[in-house]
Amino acid sequence: MSSSTTTTPAAVNGLATSPAFTFSASTFQKLHPTEFFRNFVSQGVRPDGRLLSSFRPTTVHYGVITTANGSAMVRIGGTTVVCGVKAEVAEPKLDSPDQGYLVPNVDLSPICSNTFRPGPPSEQAQVVSESINRVLKESKVLDLKDLCIEEGKAVWALWIDVVCVSYDGNIYDAALASVMAALKNVRIRKPTYEEGVVKVPGGEAADDENSFKLNLARTPLSTSFVLFDTSLTLLTDPNFAEESISQGQISVTIDEQGQLCAISKVGAASSSQTLLKQCVERARKRNEELRSIMNQ
Amino acid sequence: MALTGLRIDGRRPGELRKITSTTSVLSQADGSAYLEHGNTKVLAAVYGPREARHRALVVHDRAILNVEFNVAPFSTGERRRRTKNDKRLLEMASFIKQSFEPVVIAALYPRSQIDIYLQIIQQDGGILQACINAATLALIDAGIAMTDYVCACTAGWVEREAVIDLNHIEESSDTSEVTIAMLPKSNKVTLAQMESRLHVDKLEELLSLASEGCKQIHQVLDKTIRDRAEDLAQKMAV
Amino acid sequence: MALVADAVVPGQRLGHVQEFNAGVGTYSRQDFIYASVVGLKKITIENNELPTMTVERENTQSAMPDIDAIVTCKVVRVNPRFAAVNIMVVDGKPCTDDFQGIIRVQDVRATEKDKVKIYNSFRPGDIVRAQVISLGDARSYYLSTAANELGVIFGTSVAGGSLVPISWQEMQCTKTKVIELRKCAKPM
Amino acid sequence: MPSLISPAERDYILKGIECNVRADGRQRPDYREVTIETGVVSQTSGSARVRIAGGTDVLVSVKAEIGPVQVDPETGDGADKGQIVCNVECAPSASQQFEGRGADDLNNELTQMMSRFLSHNTNTPAHKSSSTEAGAPAAPAGPGGINLSKLCIIPGQQCWVLFVDALVMDYGGNLMDAIFMGTRAAIYDTRIPKTEVQDLGDGQFEFEVLDDAEDTDIVEGREDMPICVTLNKVSDHFTILSLE
Amino acid sequence: MDRKRVPGPELSVAPLVEYPSDFKRWTPLDEIRHDPKRQPEDMRPIYLKTGLISQANGSAYIELEKTKLACGVYGPRPVKKVGQVFSGKGVLYCEIKFATFSCAKRRTNIRDPQERELSQILSQALSPAIQLDKLPKSAIDIYITVLESDGWGSCVAAAITAASVALAHAGIEMLDLVAGCSAAYIQTGPSISSSKDSIAASRPPQIFMDADLEEEKYEQGAIVLAYMPSLNEVTHVLQSGKAEGSIISQSVEHCMEACNKIYAVMHHALLESINDNKEAL
């Protein structure tokens, strides 16, 4: 929950409570979340102290999991995701005998937020997994032919699994960034193929000589915004509370050459053209910033 | 079929396999029965009338019947673990449910549920008939009001000869067989189930043969119940 | 960095039963007093008898309704016998997951209990302040709004404007000035 | 939920245990009367039925079937070992609380415990037999006592898989002891047909099962099978095999 | 895979690892541990931090070199499971999930029987330490995600420790913290002959505290102990494999001493969370 500020002034526009009923800030936010936010947004600031267009602190760590071929942890404010990539051997599809598999999945388990229940993936998890899958396929991040071991017989299947450890909004940006960082960190041992069995050299050192990295054609990264209230003010990098009371979401995915990979605008509110341009512009700026963090 | 007119396991066409059955074998069940029909061994347990598991299923003026089948993985020759909602088992369970619905006087136990659990320990043909007979014993042992026994028997056409109570080998050679469940007193048939091709006039003969078999089974079940009752009476009298 | 001097963790032995009474945040077991929560150890001395040992809880446990707690809740469903509510705040502390509660028709007010019409007391969407009178059944707590300062504190009128209490059983819509019947809470 | 006991009855049982007399007249350390029969189910390699007076009735069957060898890709071992696969099932007829999905957790717990005690290394996801590296100190045959190497037919390809299935027919408390006694008796009763392996040259092998009933093997190392005794802590006394 | 996830190939298998002939795998024969720096009774250094999950009432993250797992505690909150009967006591619900990339062999997303049993072990180990009668009609949900597992026993022990710290961080009233510790019995020393009867003559197995995956491959038996250090009470013992009585009681002693050391780390982590709150205000 956002840290609590002092008691809100009694005379609050639109809420004609008589002076007798004053609440503590957290109670007021719980009972009337939209009202609570409207007070802040009207003064151009957010409950957690950020400006409307500022982002939460973001950190990226590589190679956090040694049992995975490649891994990364991304933390955007309160949202923490860990992505692990495991390479396994599989038979190629009949119609694409020399192409490997790229299988991204996001897992929003009940550990990361009290809104998720145990059981099969929630709708939100499926939406995020599917959109990441589309970005990887449509913008040809990785040439699947690089994953071929023996045409028609054996190919690499990269199982990309994102585990959300803590959920505080904006899961799509964090998940996509973690997938890209993990793919950059992947290192697979050079396989040898003999009559149906794929062998990889064991031993300690995995250096460039006995293993290979993936060469990523493009690394798309996304920036998300939400439209708040009837005034459709734009909030960047929404946290969980802002997301749950927003009218619509906009996500802009851009790669390192600045080309647009995907735009998705979801939600009831219809918004003007200029707003979309504004989002793309801000996303471009954020993109550079995010890339510098990732390349440290 | 040997020339002497005997079947594979040495029985005459109209002869039943050996049936041994006992009741009240389980400590926690309201009523229970263990029945061996040849090598087919079945354990039946009855819980109820008790509160329904799902409030939605409750019927205000009578009890609902719930039958659950459970097959031991080692019951057949080749080990096979069947999941809880195996289609074949659910189908068998619904057969048994239908054959007992007209017999149990459900109106005496409104808004309640009667559970019949059948546990197959060993399979050697005639599963459905063994389960129905065992369920009858378990229901009576549980003291649930019933208008009549339900006795089941199978009959089939093996190498141009009408036989009753087929074992596993006879069942698996592509014979046509019918299972019927009957109320011995009123001679009514509550269930007739056949899944193979059979000529119409042959059916008439099979049905009469099977009902003959049911009467014999009725005597065996009845004897078990009466012996049990006398045994209890003596214990109480002493 | 210096850790806070007398901070304690659950299970830490604080003293002997003869020396202290076990206060909030502690428990006694086989003549010893142990801490049961993470927090700061405090010894409060009343005038005469034994000083009581308490542990002032550091991170508050998520709020949970218990008997006589004043709760703020939102009406979800209304039927002639009771109004179903979601308990959102307990004694001023919001709870992470809403608890279920019901206000039975006989607990709406203290006077003329049998002549209460529930739809003239609560409507779905109203914010109500109530008091927990019992743990109720497996699903919901039993609440009461009998006291004067309990009842509807915020509601939206049919026309959508917010309602202002003008008497203990009437509220007026700020937009259309229409009077609607509610069991209102007397402003404190 | 276990059968509801009224506070008075609970107090009666507790007081009884205090002065070493239990509700059914036994002393604290006394065991209930146990009867074990073997060979009760015909189409199995070995079977046993354990009945503990007071209502626990468990049927354990062992079926030996031929299956592929499970090789651990990491260490490559397990290639010359047979396997034991355990499975415990509480029939819903056994007790009121096994209605619907009630028995799932208990089934899973007992199955995991059985596999842990019989083949110990269930920690790694795949149920694999106890691992002894060739060069490393050869730990004695798995903690279950059974010598799994004897169950191997063709190293690296085929081996015997012992399916141990326990079926709880009636639940009168203390399942673990009953299941273990039943498993030990069933493994004792198990007869595995002999196999003849022909070497077809170039590493190809062919084997054939001889199915005459008399000439069969017993399970090697069956006398080391673990036995289990359950102690229940009631107030601060230990009692053996309490009723519920 | 099921319909609700992005589908991958039906069957995919890990490649066979072929070690070069000169590669020397660690074996207990040469009587040093897999990590030469560690003595048999040394535990791996523990990194323990609270407050990792913003939405959870209480949370903890624990790292033992390669073993990493996160734990979130939600509650007390209303019991969601339908058909619950009124209970005067709180209900503890535990769920542990291994991430698919956490072990050498890829694990499935769907909970497998082993995780279900582990969840039961955890709730048995923790429930004696929580004052459930102070939380009528409500449930405490403990969720644990294992990000990387280096040794099954150490994973279970770390899960118990992390869950207990997360419960305290959630402000739930407890009798005591519960520290978890694991040990393995490994046959070391050269004089081992393979025949069964002479085993008894050789040296008794060595107790390795907090064994990692490589050491676990050679263990004869293992023990996981859940222990309340301040009340000096054991809440759960999980012993598997084969060992003489003396070895087991000796390893229980070692585990209890180790639990006292772990208790200090838990104590420190919880006090740090107090300072963090001070700075945040």
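Some points to look at:
For clarity, chains are labelled A, B, C, D and E in written order, and residue numbers in each chain start from 1.
Here is the rule we use: contacts are C-beta pairs under 8 Å (C-beta built on N, C-alpha and C of every residue); 3 or more make two chains touch, one makes a residue touch a chain.
Here's who's who by UniProt: A = Ribosomal RNA-processing protein 43; B = Ribosomal RNA-processing protein 41; C = Exosome complex component CSL4; D = Ribosomal RNA-processing protein 42; E = Exoribonuclease phosphorolytic domain-containing protein.
Not measured: the values here are computed from a predicted model.
Under the touch definition stated at the top, subunit A and subunit D share these contacting partners: E. Centrality annotation: E (chain centre taken as mean Cα position, compared with the mean over all protein Cα atoms). Subunit D and subunit E have Cα centroids separated by 26 Å.
With centres set at the average Cα position, the gap from subunit A to subunit E is 30 Å.
Rounded to a whole number, the gap between the C-alpha centres of subunit C and subunit E is 38 angstrom.
Taking the mean of the C-alpha atoms as each chain's centre, subunit B and subunit E sit 50 Å apart. Among the residues of subunit A, those touching two or more other chains are numbered 114. For subunit C, residues that reach two or more other chains under the stated contact definition are 96-97.
Of all residues in subunit D, none touches 2 or more other chains.
Listed by chain label, the pairs that touch are A-C, A-E, B-D, C-E, D-E. Taken together, the subunit A residues at the contact with subunit C in this complex read 1, 14-18, 20-21, 24, 26-27, 29-31, 114. For subunit A in complex with subunit E, the touching residues are 3, 64-68, 71, 78, 80, 82, 84-86, 88-91, 101, 103-105, 107, 109-114, 117-118, 120-121, 126, 129-130, 133, 157, 159, 161, 163, 165-168, 189, 191-192, 197-203, 240. Against subunit D, in their complex, subunit E makes its touches with residues 13-17, 27-29, 85, 103-105, 107, 112-114, 116-117, 120, 152-153, 187-189, 192, 194, 196, 199, 216-218, 220-222, 240-242. The part of subunit E that touches subunit C in the complex is made up of residues 55, 57-58, 74-79, 84-87, 129, 131, 135-138, 168-177, 228-231, 266-268, 270-275, 277-278.
Interface residues of subunit C, counted against subunit A in their complex, comprise 72, 74, 88-89, 92-94, 96-97, 127, 153-154, 162, 164-165, 174, 187-188.
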